[in-house]
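Okay, got some structures for you below.
Below are two complexes that have chain A in common, paired first with chain B and then with chain C.
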Partner chain A sequence: MAPPVYAADPPGARATIRLDDLVAVLHRPSGTTHLLAPPAPELLDALASGPASAEMLLGRLSQQYELIGSEMDAIVARMEELVAAGLAWRA
Partner chain B sequence: MRHAHAVRVGAVGFRIGAAWRAPVAALARLYEGYPAPEVADLTVRLEPQRPWRRWVRPSVEIAGDYWLPDAAPLPLEQGLLAAEMGMNLQVALGWRRHLLLHASAVEKDGRVLLMSGASGSGKSTLATLLGMSGWRFLGDEFAFVALDDGRIHPFPRAASLKNGAIEAVRAAGGTVGPVLEGTPKGAIGYWRPPADALARMAEAAPPALLLFPRFGHAEAVEPMPPSEAFMRLTQASTNYVALGEAGFATLARLVGTVPALAIDYPDSATGLALVERLWSEA
Partner chain C sequence: MAQDYDKPAKADGTEGEGSPSFPARRGVLMLGAIAASSVVTIRPALASTAASVLNCRIPIPDPGHSGQYIGHDGKLVDPGTKGAVAPPSRPVTGEEARNMINGISPPGFDPSSRSAYVNYIRRLQQGTSGFTCYASLQMPRG
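The block that comes next holds the complex of A and B.
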């Protein structure tokens, strides 16, 4: 089975304010507010250049951040949380 | 409506109409000295459940421009409570010009202390006691946060004190009256804000400290991260969702610029001393 490909609304669909470790996100299309912990905001930003699998997202993130350990499972888990929250979807 | 009274509290113009004279007369007494509104922004109606119940075991149903289907009717003797609840309900559901927080607010030296908490947290009692000891009372129920500059606008309704709070305020020399016994929330007494609070009800001030008090626990102070304050206040706001991005930005600015603390206190005197100490350190 092919790994899921994730997509999200463009960054302009979200208002984002860093509060502390957590980031407050207003999803403009739905009007819902979310508090996100890293790397969820970074994953949403990484989807700005188009839909991506977890592996592709890992590649995009590693260009910007120093990643350590087995991030793949964590990225899938975070993406599924974003899907459940309505901030991303399976393309 | 047969009987009506119009009053302005802070930014809000109310018109309260009723099928009976008594609750409107009680309200007019409680709000004596408050200005009349130029425009009634919100309307409260106290109506009989059925037309004949204006005379037979009279029961007051709260209505208005905005309403909740499960607002329980109250006996006529509690008509003042019905009027007060109706005013709160209309503000909570209908007001859009400010971000509303379920919080009490007092001001000193041009800066505002906000206290947010559920019923029983002591926010009304603390605001009342502070209002009797050198602070300007801005309100015990709703803090009105301006959407453009984040300042707190007064809403100096008569403070609604429940059960033990009535004695606590009387013991501190305050006048509480009238007291309604046997309401769904127990005894409720009203404390009229001082003349200064009424004279300056159009005067807003910036927030400087945000407290989340909890009455009845050993004294403790815990800093609260902005994200937790943000989450709690989205739940403590009655119009956050309705305001959309304006509410989001206003609330984020508030928690991003004002320090927040969770405080526990065992009794009013300790709470008062704790608040004064934290304020002097803020």
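The block that comes next holds the complex of A and C.
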């Protein structure tokens, strides 16, 4: 079974405010507001350059950050949360 | 736009490329435990209790268009337009709106106006009076 590929609306679809370590996100298409903790905002941003699998997301994040706990399972778990919240979907 | 908040200076040696709204802050990202949750969805306060949702109000039409009639398709039209119905004498509550959607008119309302009112409610958009009330009705509880 092929691993899921995730996608998200472009950054312009979200209004964001950083609150110290958290980010408040208004998802304009749904009108819902979410509080995101790392690495969820970074994952959403990593999707700005196009749909990606967990492995590709890990690659994109590792170009920018020194990752701690870089298990693919953690990325999948975070992405599934973003999918459940309506901020991302399985492409 | 709203995501154009002040961008902090990039941390030493980190690349900002590919991250339009969240440039690297510390250059270190904790991916966290699988079980740790990182997303909390905030629902409008109206949705937090069934009682408050059912008591919120939807004016038909919104105050900016008072006096207008409601066409069968829910669009606002001039008073007296053929096929259009007069607005109700008072705003409907969330509970009444839900009942109307399910086919039950509030006491004192002309049942033949129900579908026009329902169509008006369904057309409500963000920024229109009553939208939040209508949106809350549709939001899953939990």
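Simple rule for what comes next: the second predicted complex is superposed on the first by the 89 of 91 C-alpha atoms of A that agree within 3 Å, B and C clash if a C-alpha of one lies under 4 Å from a C-alpha of the other, contacts with A are read in each partner's own complex, and residues count from 1 in each chain.
The rule is short, and it goes like this: a contact is a pair of C-beta atoms (placed from the backbone, for glycine too) under 8 Å apart; a residue touches a chain by one contact, two chains touch by 3 or more.
Nothing here was measured: the structure is a model prediction, and the numbers come from that model.
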{"item": "Touched partner set for A:17, first chain B, second chain C, both or neither", "value": "both"}
{"item": "Partner chain in contact with A:87 - chain B first, chain C second, else both or neither", "value": "second"}
{"item": "First, second, both or neither for A:46, with chain B first and chain C second", "value": "second"}
{"item": "Partner chain(s) touched by A:33 [first = chain B, second = chain C, both, neither]", "value": "both"}
{"item": "Which partner, chain B or chain C, touches more chain A residues", "value": "C"}
{"item": "First (chain B), second (chain C), both or neither touched by A:77", "value": "second"}
{"item": "Chain B versus chain C as contact partner of A:60, first or second or both or neither", "value": "second"}
{"item": "Common interface residues of chain A - those touching chain B in one complex and chain C in the other", "value": "15, 17, 26, 31, 33, 35"}
{"item": "In the complex, chain C residues that touch chain A", "value": "1-3, 5, 14-22, 24, 27-35, 37-43, 126, 135"}
{"item": "Chain A residues within the chain B interface of the complex", "value": "15, 17, 19-22, 24, 26, 28, 31, 33, 35"}
{"item": "Chain C-touching residues of chain A, taken from the complex the two chains share", "value": "11-12, 14-18, 23, 26, 31-42, 45-46, 48-49, 60-61, 63-71, 73-75, 77-78, 81-82, 84-87"}
{"item": "Partner chain A, residues of chain B touching it in the complex", "value": "225-227, 230-231, 234, 240-241, 244-245, 248-249, 252, 255-256"}
